[in-house]
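In the two complexes below, subunit A is the common chain; its partner is subunit B in one and subunit C in the other.
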Partner chain A sequence: MSRLYVFLKYLAITLWSIFVITPFLWALTTSFKTANGVTGGPTYIPWLQYEPSLHGWRSLFGGNAGGIDIVKPYIDSLIVTVSASFISIILGSLAAYGLSRFTYRAGFVKNADLIFFFISQRIMPPIVLAIPFFLMLKWLELLDSKIGLILVYVALLLPIAVWIMVDFFNNIPRQIDEMAMLDGCTPIQAFIRVILPNSVPGIIVAGMFCLIFGWNDFFFAFTLTFTDTQLLPVAVVALNSSVTPWWSLSASALISVAPLLLIAFVVERFLSHGTLAGAIR
Partner chain B sequence: MGETGLRPYKLAFLLPGLLSLLAIILFPLIFTIRVSTSGWDAITPDLNWIGGTNYAALWIDTRFWESLARLGAMATGTVIIQYVLGFGLALLVWHDVKARRFFRLLFLIPMMTTPVIMSVIWRTILHESLGPANNLLQLIGLGPYPWLTSSGWAVTSVMMVEVWQWTPFMFLLLLAGLISLPREPFLAAAIDGAGPIRTFFNVTFPLMAPVSIGAIMIRLIEASKLMETVYVLTSGGPGTATETSGYYIYIKGLRDFNIGYAASLSITYLVIMIVLLTVVGKLLHRSLIGGRN
Partner chain C sequence: MSLQLRDLNLSVNGVTHLANINADFERGSLTAVIGRTLAGKTTLMRGIAGLQSLDRGAIQLDQQDYGRLPAWKRDIAMVYQQFINYPHLDVFENVAFPLRRKKLAEDVIGQRVRSVLDKVGLGGFEKRRPSQLSGGQQQRVALARSLARESGVLLLDEPLVNLDYKLREQMRSELRSLLAQQNQTIVIYNTTEPVEAMLLGDTVVVMHEGRILQVGTPAHVFDKPASRQVALVVNDPPMNFIQGRKTEEAIELAGGVQIALPQHLKALVPGDYWFGLRANELRLGGSELQGKVTFSEVSGSETFLYLDCVAGPLTLQVQGVHVYDIASNVAIEIPAIRLFAFEAGGEQRLVAAPATGARS
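After this line comes the complex of A and B, so read on.
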């Protein structure tokens, strides 16, 4: 019984691991193919089944046929994602701290309603906002610009930051900021000097989630930008046409998802050390 | 410090975030409601007033209601599969497993990757003649299957890619919950001589109920927006077999430029989703935790 149990356990883990890793392995091997290696049917092992070539990877940096220049979308994506995440974390932490420590009341609206208002914005389907965002950015003359996208992404990421930070601040004992205020700090000084240094894990977790959802958004980048600004997912999906260059597609896909794999390492550390449990609930 | 002295600080913390969100979300939403009562399209792009005409039209638009039903079925289906698999995987690498830190890391990876980009890769994998899926299945005597070109298989493919992408998120939330569980109930169960299956149903599962509800609701909310995977993988096809509400509204609004009509669809979609998700949340809460709050 027990040996069978152990066997089944590792079998399940192995099967799921294979499922998880398959698309990456396939993309890796495809990225070294040429047209001949693709159109002849699926092949897997370089040298043995097809002659590997760096054509796909080179096409990411040059402008040759069937390729894309990935450097500019990469930089654009980086600027937009990091800026939006940074702004969301600042605004989100401030609001979350207020909601965690003070009592707000305006008519029938109380703290719980305000927290719900922030978080409920995640329910909004992107398509509902896409059309008015389009018209609003056009009116502000921010269509096809990084600033316009940052504005939109702040609205997407702020709810995530508030959601994670409210619970995190709730878990920091109130005595800490009360002591600081007794020592003569204003609430803002207490927040900056005492609370922020104690909130680094929460801010990192919230920041990572903002980076993940910002970097991976496609729909708003797709509908609100055209030529001047182009984010990575849009640039990669643009290759997905009737005659798809699988080699450049695979190479660009791998290089696009690579930076967030680093985040997986950090998330796993927080998860295994138990920090995440306090931060996401 | 008195309540009056605190007041400016209270507002200084809350208002920057609240006002930004209100400005970015609320204005577009109100504007959409207004547009939904206009006949704005490619030929007459202006905010005229046609009252509830759009809403009357969508009431008998079977393509829209079918897309909603399809979305409901696909979202519920994928979230249930993700919950079962995510819980199973979390239990597997919770403790007593070699190299568990490595497997935890590996299992997290898909949720970090860009959904549309991985969908493009999946599309090449599922390609009927040039992709590896059929090729490898044929080695064990199965297939070939029309992954993206027959209705049933296309739905299966979209759901499979969604499961690949988002089971890790479920896994993450549930494993974080498992790791933070208190030890005492498990010791008590062990002393009572409960086996692993009884321990799971009598101890682990009830203790995990709040985390489970949270995780399922978060995933349902995200799944109710399903459209990007569909856009890349099948473009809603074959026919309308995988067309979700979001994708149908996209076609009406941003491809055909029936802005007014698309706005009325958007508002209806949003209201239905809010109502359904609230009801599902309440029901889940009642069935897993019971009447008490």
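After this line comes the complex of A and C, so read on.
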């Protein structure tokens, strides 16, 4: 019985892994192919089935073979995503701590309504926000700039950070804050010295979500920038001109997934060490 | 040098949590506040600590007005009912935390933390995290942290209630000697258990529904409860009350049970009264009263019998472990000499049974 269970479990995991990994394998082989190799059908073994070439990879780094320099969008994407995530985590933690610990009332608006207000920002489709954002950035003269994008991304990522952190803070007993205050901490010191150190797992999770959502956004990067600033997802799509350069596209797809892969491994390390789960009883 | 509470009041949404609390606590004294759950004990402590704002009233420690002082500026340490420690710090840093906030010198901190940890029996556990300790050990860490501060006031809010029976008994006696050494500190100890209050307190304060009902030495509160409510709270199991009437010659309990008039009730004006009798002073046997067992339970080495009889429901405590069938009949003897008399239409105690000096 249990043997059958283990067998079925690993069978399921194996099938799922194949399903998930195959596109990556495909992209990896394609990125080393030339036009001939791509049109020659699905082939996977270099040298035997197709002649590998670094053409696709070279074109991403300012090569002249019809490619676009992807280094600058890559760095811009990193700057925008990391800054927006960082700001969101700081503001989000503070907002979440307030919502978790204090009772607010403004007319009929209470804590739960405020939390819903934050989440509601993610309920409407992004296209609803596109025009307001566009007009706001235009008015601020921040269209086509990294600062403008960071501001927009903070607005998009903050709800995620607040939502995750409120839940996390709610699970830290209030008596711990009180104890810190009795031990001589002001409320801000209690937050920084006691609550934050105990929230590291929550901050990591929230930060991870912010980075993923920010990194993957195409829509706002596309609508709010033109020439000066270009983020990675837009640059990757821009590769696709009259003739699709499958090799460059595959290579750029792979390197744009790389940071997320790195995050996944770091978080997995945390998870397997049990520091995320059960950090607090 | 004392802590003075003057006229503390708090009500939330029309529910009274504290009502006209007046009390004085001296340095070096240990006051046990006893009351049932929701009696206002914890609210009182949170008010003193500055964690709960009050509707009105004044709190003074050594002439310093605490009313407007935030919690972090008050010289007050507290141990919670739950085991509250800083999960991200090891045992040493947990105990050192308040000392670091006071910016004490590193060698003073090290010395004080180690000496306190030795006192609570946690020497050698300095590097452990709270999550790696048992419940009893976690509460010792919390206790050590509160002791290390050497604060003016130490509040203990039912610190032993979440421990298992054996450990509670052990820590109770340890606490007694630990707290006896705190001769510069005002110690206030909340409890629901009469035994704990009697054992630990120099003074016992009885609270009920946000009010202080009686203040006195343990013996005084136990032997001369001011009211029926106090008698309920300071006896475990709670005192039995039987309606009855005193005539010139005898006591007539409800259901027509006649008892010879004991010496200490002779001066009582004839009339209706509530008569109180402790569960451990009722005896099995005799021919005065028949009772039907509704429930029986064994607690430690004693058996509690819940009886239904013509005079009303009674609780009876028997030494040793016995098994009684439900609905079986037992004969009850009422020792007239142990009767307390309370107002029939009110709460006040009128006559106490003579003190025996015996404690259960």
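The criterion applied here is as follows: the second predicted complex is superposed on the first by the 252 of 281 C-alpha atoms of A that agree within 3 Å, B and C clash if a C-alpha of one lies under 4 Å from a C-alpha of the other, contacts with A are read in each partner's own complex, and residues count from 1 in each chain.
The definition used in the following text is that contacts are C-beta pairs under 8 Å (C-beta built on N, C-alpha and C of every residue); 3 or more make two chains touch, one makes a residue touch a chain.
Because the structure is predicted, anything quoted here is derived from the model rather than measured.
Novice: Mind working out whether A:197 is in touch with subunit B, subunit C, both or neither, as first, second, both or neither?
Specialist: Once the two structures are laid over each other on A, A:197 reaches subunit C alone.
Novice: Tell me the contact category for A:50 with respect to subunit B and subunit C: first, second, both or neither.
Specialist: The answer is neither, since A:50 touches no partner chain.
Novice: I'd like to know which partner A:104 touches here: subunit B for first, subunit C for second, both or neither.
Specialist: Only subunit B; A:104 stays clear of subunit C.
Novice: Should A:22 be classified as contacting the first partner (subunit B), the second (subunit C), both, or neither?
Specialist: first
Novice: Classify the contacts of A:186 with the two partner chains as first (subunit B alone), second (subunit C alone), both, or neither.
Specialist: So A:186 meets both subunit B and subunit C here.
Novice: Scan A:233 for contacts with subunit B and subunit C and give back first, second, both or neither.
Specialist: first
Novice: Who does A:220 touch here: subunit B (first), subunit C (second), both, or neither?
Specialist: neither
Novice: Between subunit B and subunit C, which one contacts more residues of subunit A in the superposed model?
Specialist: Ranking subunit B and subunit C by residues of subunit A touched puts B first.
Novice: Taking the superposition as given, does A:123 touch the first partner, subunit B, the second, subunit C, both, or neither?
Specialist: It touches subunit B, and subunit C stays clear.
Novice: With the two complexes superposed on chain A, say which partner A:169 touches: subunit B (first), subunit C (second), both, or neither.
Specialist: In the superposition, A:169 contacts neither subunit B nor subunit C.
Novice: Which subunit A residues come up in both lists, the one for subunit B and the one for subunit C?
Specialist: In subunit A, positions 181, 186, 280-281 sit in both the subunit B and subunit C interfaces.
Novice: For the complex, give me every residue of subunit A touching subunit C.
Specialist: 173, 175-176, 178-186, 189, 194, 197-198, 279-281
Novice: Given the complex with subunit A, which residues does subunit B contribute to the contact?
Specialist: 1, 6, 9-10, 12-14, 16-18, 20-21, 24-25, 27-29, 31-32, 35, 85, 88-89, 92-93, 97, 101, 103-118, 120-125, 129-132, 135, 164, 172-173, 175-177, 179-180, 210-211, 214, 221-222, 224-225, 227-228, 232, 245-246, 249-250, 253-254, 259, 262-263, 266-267, 269-270, 273-274, 277
Novice: Which part of subunit A faces subunit B closely enough to touch in the complex?
Specialist: 9, 12-13, 16-17, 19-23, 26-27, 30, 38-39, 41-42, 44, 91-92, 94-95, 97-99, 102, 104, 114, 117-118, 121-136, 151-152, 154-155, 158-159, 162, 181, 186-188, 191, 212, 215-216, 218-219, 223, 232-233, 236-237, 239-240, 244, 246, 249-250, 253, 256-257, 260-261, 263-265, 267-268, 271-272, 274, 276-278, 280-281
Novice: Of all residues in subunit C, which touch subunit A in the complex?
Specialist: 49, 51, 70-72, 74, 76-78, 80, 82, 84, 86-88, 97-98, 101-102, 131, 145, 149
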